[in-house]
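Each structure below appears as structure tokens.
One chain, chain A, links the two complexes that follow: it is found with chain B in the first and with chain C in the second.
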Partner chain A sequence: MSLNEVSLIDVVRKQVHFKWKSYTGIFQSLLILQILGLFISTLGEGSMSEPGYGRSISVQYYSSSILVGMTAMWLFINSMLLTTSAYREDDFTFVSTRWSRLLANFTFIISLALLGTVTSFLSMNVLKVYLFIKNDELILTNSLTFFETISSLVVLLSYLILICAAAYTIGSIIQRNKWVGFGLSMLLIVLGAISVDYEGTPINFLIYFIMFDSSLMLLLFKLSLANGFLFFISWMVSDNQEVRV
Partner chain B sequence: MNVIAVFALILIVTMNVAIRIMKNKNSSRNAIFKLNSTSTKWLLIGYVAILGVFTIVAACISPKDPSYEKVAAEKIEQFVDFYPTLSQGNEEEVPAHLVEGKWSKKLVSNTFKIVNDNSYSLPLTLFVERVENTDGIMEASLYKGLDIINDYEVRDYMEDIELEWTDDKLTIKEKKNPPISLSFFHYDYLFKQLKEERANTLKHMSSHGPALYIKVPKSVALDIDENTVYVIVES
Partner chain C sequence: MIECKKLSKKYRSHSALSNLNCTIQENTITGVIGRNGAGKTTFMKLIAGYLKKTSGELHVMEENPFTSLKVSANSIFIDDQMSLPTSLNLKELLNSFARFYPNWNEPLANELMTYFQLPQKAYMQNLSKGMRSTFQAIIGFAARCPLTIYDEPTTGMDAAVRKDFYRALLKDYLAFPRTILLSSHHLEEIENLLENVLIIHDQKAFMHLSVSELKESVVAVKGEKAAVNEFASMHNKLSINESFPGMAMAVVQVNNYIRRENFPHLTFSNLTANEAFIYLTDSREGGIDRVFERSELD
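Moving on, here comes the complex of A and B:
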């Protein structure tokens, strides 16, 4: 029996440190996905042309959406994987509780989202450099000021944390009961299909409620609330879960 | 198929094979490389450092003055407004800065011919006003046009049109100019949310073609190509 009293913060810190050191595949996959995203982004997201009278005009469109999408996908998959039994067993090699495991996972996920935000934003500049070299007439349609850049990064980080929270919650539910997880996944697909087909339905209202807010503070409040709610569900689901299967 | 797309596909397949080899412990082939936590840490730091260098390069090579500028809504309105103004014969109400060129010709014969030398329809709107003029002088004004792509004005739009005047004939020609290629880069929705630019204003083209306003004396017979569409101004 140890006489050392270990604080919760120490346990969480050690677990997060362990995750950063041992889950190297997660970071390698980020690099691969973002490089792949850069290649795909160079193809552009659309084009149009106008024959014109004296000359023809061709227009190409490029955006940062693929890079952000790739990062979001990376976060979604890895957040979900953290709830699997293999990762769970790793967590309990430490002197830990379910609460410390959950806190460590949340902290790790948030740090991944932060890494994803920074790298996806910086990698947009690689795309810009390529486009500047390739095209003499590159038009940056919505340049950001310093404050807009910072606030946009905060918004991006919040959205990425929301994606992580959603993935972690879904993963926790699936780990708890595979049938409930399957049913929930089907429900999400059906709801997604409905929301695409019928604009303005109550389902879309929830999405618009968050996504159509141009006030930074209000948006962050809504996203924090949604993140907190999702993490609370995942805590409730995994609270009395078996430590080892 | 685009070379980059092929390269991306090769990259995916290669990575897939590499990951399978690395993960399969029973594989007879050796893993190409294995990265431990220290190597991964340095790989990540190196990656962020490279991205940082690109960020500095992007800031350095981005032009200080954009070659294309957004067109203000007021400017577009001016171009939209001058058509009805001209069709009502109120040429003097059109702002002077919209005039590209003015001509005054003393006609030598009683007939004036306007020829469209284009493979398509006229590249401009032709307004004809018949005036009381005993001197046989014909006056013409060419008004600028505006070609807009995603709120950006296409430069040198007027260079596409060429007018050739002789004593009794006007030939409207199209000049073959080198094609224009534009590329637009925009941040996605997440970056625009706070700027209230949610509506996608991209992928929009509009053209307000130039206009030629001719005052022809009533004593002169006007001979216009039967396929040429023009507007008779009621003065």
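Moving on, here comes the complex of A and C:
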């Protein structure tokens, strides 16, 4: 029997397709989280009232930050879970190499981030519609132009991708060595929590340097660089990984 | 198809294969036989690219299987612990395999599913052990991979299904010749199927020969104790015991043809491939009986 030549891109495409078809639990959990997020968002974030003579002003704030936060959490957990042995062994039951699997997983988590961005945006609009129907008082929304809306979504998407890439990298390290991975995560959390608030520390500087930039293009460029770095680490860590030991 | 030179594999705590040498030709059915823990599964997982070799050389389709996409696309590894997503039903699983394997034979898969009465809408986790093995065997047939590896494929199957499986394997092999590696504890069941046997013993390729050569390499002799002893001392003695006073039976490994008429006092009998294998790989003098004899002495 003659051997079949296969192209890497073709295999990666098939793997991504397979993941979309078989990882149904991931999508179900997104649905549940978004509904929960919507429900919590309708309670409002805060209120302010100003009593006066013959008139009073009361302001109720609503925002979709809980929705976005929940989506981010969902992405973080699922990106990390993708590195676990159950998913890994499934991949190798079909056609896969370590390299094609990494490419497929990164493509898949980028598509998850895209899905998260779009659904959060849509849910936010559901929230708006709900509030419009429920309240007959004056409603002010921050009205963005089309370009502003798009660019804010692009930025959100890039942040979410960064979260995914970070979670996947941490997951990959944990898969190789539990204690190193665990220690590293704890160190990052503790150091991060301490130094985010203190200017002048390296982590604080790094976070501000990568995450905040007034130029959209420059911001995207920095985020892509950070993602590329995380991708490289994941590759270094998982290149030698055995399956079904 | 497969070439190993001084192939070794060490796990963290112990070594599983050491200095294994063998060459497996294209389009042959080879039985990989060995006692429990001999290293069969490790050997097969190395070939499938699941595990990374510790040292030595391993070429499958002239490539290193651990990193080769070509090997992955042209080989399939079937065993009872095959990992499949629980979210897909059998039909959807077959469709997934069909997308990945270009030679996929869909009519055959469907026919076999019907024949073995596997419901298309069922999920893997709800099947019995034997049905799961049957389903995995069907995947192996339908994928038509140039290199198909079955590790203990008949686990849990009942006798009738096992028989069907072997027959299907042979028919499918004749229709689409390919390289098949098959490991099983039941050598007597598969010996008619195999062309070659690769015996892995003590982490090495102990013997690699055809089934008939394996049968001929071991012979049992019966007769008077003195004559049997004399005969056994001329050959590689594998086992000897007294059946009743004065008479003995020995199993010996022979390297060349024996003229039986030269030993008129001895009765020769041939062994099955399975018996030959057991005698060849039995390193413990006296067998299990010895253990009980010793413990009774205490």
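Just so it is clear, the second predicted complex is superposed on the first by the 233 of 245 C-alpha atoms of A that agree within 3 Å, B and C clash if a C-alpha of one lies under 4 Å from a C-alpha of the other, contacts with A are read in each partner's own complex, and residues count from 1 in each chain.
Assume a contact is a pair of C-beta atoms (placed from the backbone, for glycine too) under 8 Å apart; a residue touches a chain by one contact, two chains touch by 3 or more.
All values reported here derive from a predicted model rather than from experimental measurement.
Visitor: Decide which partner touches more residues of chain A, taking chain B and chain C as the two options.
Guide: Partner with more touched residues of chain A: B.
Visitor: For A:86, decide between first (touching chain B), second (touching chain C), both and neither.
Guide: second
Visitor: Would you check which partner chain A:151 touches, where first means chain B only, second means chain C only, and both and neither mean what they say?
Guide: Once the two structures are laid over each other on A, A:151 reaches chain B alone.
Visitor: Per the contact definition in the header, classify A:21: touching chain B only (first), chain C only (second), both, or neither.
Guide: So A:21 meets both chain B and chain C here.
Visitor: Which holds for A:11: it touches chain B only (first), chain C only (second), both, or neither?
Guide: second
Visitor: Just chain B (first), just chain C (second), both, or neither: which does A:119 touch?
Guide: In the superposed model, A:119 contacts chain B only, not chain C.
Visitor: Quick check on the superposed pair: does A:40 touch chain B, chain C, both, or neither? Answer first, second, both or neither.
Guide: First partner only, chain B.
Visitor: Where on chain A do the contacts from chain B and from chain C line up?
Guide: Chain A residues touching both partners: 21-22, 24.
Visitor: Would you tell me which residues of chain A are touching chain C in their complex?
Guide: 1-6, 8, 11, 14, 17-18, 21-25, 86, 89-90, 92-100, 240, 242-245
Visitor: Applying the document's contact rule, which stretches of chain A touch chain B when the two form their complex?
Guide: Interface residues on the chain A side: 20-22, 24, 27-28, 31-32, 35-36, 39-40, 42-44, 46, 48, 50, 52-65, 68, 115, 118-119, 122-129, 131-142, 144, 148, 151-152, 155-156, 159, 211-214, 216, 219.
Visitor: Over in the complex, which chain C residues touch chain A? Could you list them?
Guide: 11, 27, 45, 49-52, 61, 67-70, 72-74, 81-85, 87-88, 92, 96-97, 99-103, 144, 146, 176-178
Visitor: Which residues of chain B touch chain A in their complex?
Guide: 2, 4-5, 7-8, 11-12, 15, 35-37, 40, 43-44, 47-48, 51-52, 54-55, 57-59, 61-62, 66-68, 118, 120, 123, 147, 149-150, 152, 154, 159-161, 174-198, 202-203, 205
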